[in-house]
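Shared between the two complexes below is chain A, which has chain B as its partner in the first and chain C in the second.
Right after this comes the complex of A and B.
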């Protein structure tokens, strides 16, 4: 059992199902392989902290948890409820900057 | 995105793990978590992830996509996705394979129970992660990095600052709510000018009230005092100190002490009056001698003063250092602090028991320790089991090693490392450093607080493993003092030649310093993320002072060699820098100070705050000592401090 963690993922049911990856997936893979994704994540993290998004979201989570009662709540529930709000709260300029970065990456990197 | 359930921090005790986790642990034991070591990757500090290979793109074994959160089964390592509401393949996996309930979030290395739909916490798991993580973090780190935010810091004193350091004799509490430096302030700092309400709820401090003198107070002031000679050009307290024979080490430190705002206010507000001090009759009292110097410096007289009495008392206090030889200014500082403390007679019983030679004492009520004493925290983490042992050490200063030379050609390499490993912390300083290649105070602080592997011959005895293990040590500042004194170790010992030499390298230091990244809560948090912590409680975070901004007010510099040279200090008064070279005091520009080779740097907290106990204290102190009159007096315009 211990060694099994290092095994490649078990091809559970669908070895054959190997569908054509979508464009989004290809980009995602490229971003990960080049390490750009980590950098983007770090950038995003910084931006969201700077603009107060994180604090606001924390407050929302806290309020939600309090409303539900902290012993009854699961992480999954919080995620499900707060995610839409969180998405909506991301400032446009942050989105724009990230988009710009991704675009620049796709242009520069020979895909 | 990661939502940290609040279960992680505070109530680790009443947290009950789910049955699935208990079952898993009963079946596989804690050893099971160890296998994670190999798969653990560390990004910026505190952020771990699970990957089998460096650039692996994890994807769901069922749908083959990489959407939503991905969880790797703890039993068979199958990755499943979690994209509510309907795409919950890791849950499908758990349901079809009994016993495979627990999974680990591949991007965060946190435990998740697929049946409970909830994050679960387990100290053993977290220890395994932390142990592995500290290893990875170490190998990924490079020595030199970090520079201060040079650009921003050059604007130095903002409005708030000017106020706290300015008020020489006139301690007006001005229009805003920032309390001016009133005699002393408490340790349990909290922010009074809270523009953001975030820290508010934890504050325990007391409200600052301006002292309004009553009629009789005014009468006493008028009768018991003589007006000071106002000097329009120079701020009060500036007076040269004569060199009494190689005593520049003393003069430079005394100048810094004379202009340490909380110390100055303490002595000038007559809290230690040499004419009524009880100890003076029988013992030597360095506090009384300080009082004498303060009186002399702030008397309005500008001719250089000879602190002969103080020197004599200090000789008697530190007999081994007596004589006309050159001494180390840092040694003098430590011994003076110790001397004033020992003579002050206010030592708490507990402090007396735990008294050590050079360390400070956070609980001590004596003036020097209330001003200079901080608490350092040192964590030693076992790399095998992740067990951390924590010790706290009081200190009156922080000794920093200079960074080793950073060569420009290593810059490219460093950038790449920084980009990959160290995002969070080094983004602060990397830009400045890249340009100058200089060693900086922030860089030194980063070195001071970074995890450090203990050598093979100093293996640490791990209480959990019950054997000596490879360990990682990390320092942080548990409690910041009011006045932070940095001592830069400018000597280098070569064991091969058995000689010491002075390091004349320039080190940049900011005029305004934020210690937030170096305090224990930040360090521990960045190391552990939101793991279930072993010792930390909500209290620990709460008691951490929210005020971490410091500003520079004195620099002691040394020129010359290890065994001989000259000390000069730079003092900031009313927004202007003065160079105190023994008997000569001259006004200098900021650039001169910036370019100086700092040996000791004194920073004072920008915003001071008060505990309610301080008010009682100072009231009592004031009444009992108010009888004696000093030779000097308050300037007519100023309102004296008080309660």
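Right after this comes the complex of A and C.
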């Protein structure tokens, strides 16, 4: 009970540590709130499945898993291994379509 | 100024795209990891070249002729019971209307002509009607009505009908199902007044 007397100061001082939300964060929040992020994600997923990106990436995962051993593999390892490959494998037209939609959203929702 | 804004927004767009893509990559990785750890990824233990060969084999077995490029043509697609079916039905049977032997694959167009639904059949029927109408008008005014009724009901009969049959034709029409409109009642009444002896009561409703 005596410990409660020596409790740490109330967190008024912490307000200074909290920086202004960055532009990126604002954009992210707006994307999520409007539901556009979900829509964009679904669109990207659909396009990537159509063009076979997903199947190929899965094959890469399997290849890596085979190398490392099925029982000891972790999600983190797989992600770290395939992320550069996955980013490189996206077809140009898919990337262009998504970027166009994102830009349209950013323009319309006057930041 | 506008250029700067464009640059910023392009930059931001790329960041957003990268974020979406990363999230999808993690999805794929997580799914593959789970399949490997739980042991239901059947392709895990198979090497690359074998995988392609197995996939091709599976497609031939399923009968997916589209991906193989229609080697045999559609006639030899195998269904789930292992049977093949020709594209056009081969069996022959008798037409219910005219009694002729018809190939099953040609039955629908045949029925169209046979039962008078198609364009040509309807023209033929109307030709029957008008020709019998003219013939009956020459013999007696009452018969023209009978000719109209009978011709409408039996369009597939041969158009030639001797004038000696007007009475029989009329009774036949009178006994049958009635598709006539109410205009006919008037004609019937007139005919009765003129003294034609045929059963009109069955026709009038």
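By definition in this document, the second predicted complex is superposed on the first by the 93 of 111 C-alpha atoms of A that agree within 3 Å, B and C clash if a C-alpha of one lies under 4 Å from a C-alpha of the other, contacts with A are read in each partner's own complex, and residues count from 1 in each chain.
The working rule: a contact is a pair of C-beta atoms (placed from the backbone, for glycine too) under 8 Å apart; a residue touches a chain by one contact, two chains touch by 3 or more.
Here the structure is a predicted model, which is why all the values come from computation and not from measurement.
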| item | value |
| --- | --- |
| Touched partner set for A:102, first chain B, second chain C, both or neither | second |
| Which of chain B and chain C A:82 touches, first, second, both or neither | both |
| Chain B versus chain C as contact partner of A:39, first or second or both or neither | first |
| Contacts of A:74 with chain B and chain C, given as first, second, both or neither | both |
| Which of chain B and chain C A:29 touches, first, second, both or neither | first |
| Which of chain B and chain C A:63 touches, first, second, both or neither | second |
| Residues of chain A contacting chain B in one complex and chain C in the other | 28, 61-62, 65, 70, 73-75, 78-79, 82-83, 86 |
| List of chain B residues in touch with chain A within their complex | 1, 3, 5-7, 28, 32, 35-36, 38-39, 43-44, 52, 55, 57, 59, 61-62, 64-66, 75-79, 82, 84-85, 93, 112, 116-119, 198, 419-420, 423-424, 427 |
| Residues of chain A that touch chain B when the two form their complex | 1-2, 4-14, 17-19, 25, 28-29, 32-33, 35, 38-39, 42, 46, 55, 61-62, 65, 70, 73-80, 82-83, 86 |
| Partner chain A, residues of chain C touching it in the complex | 8-10, 12-26, 28-33, 36-37, 41, 43-45, 48, 51 |
| Touch list for chain A against partner chain C, complex | 23-24, 27-28, 31, 37, 40-41, 44-45, 48, 54, 57-59, 61-63, 65-66, 70-71, 73-75, 78-79, 82-83, 86-87, 90, 95, 98-99, 102-103, 106-107 |
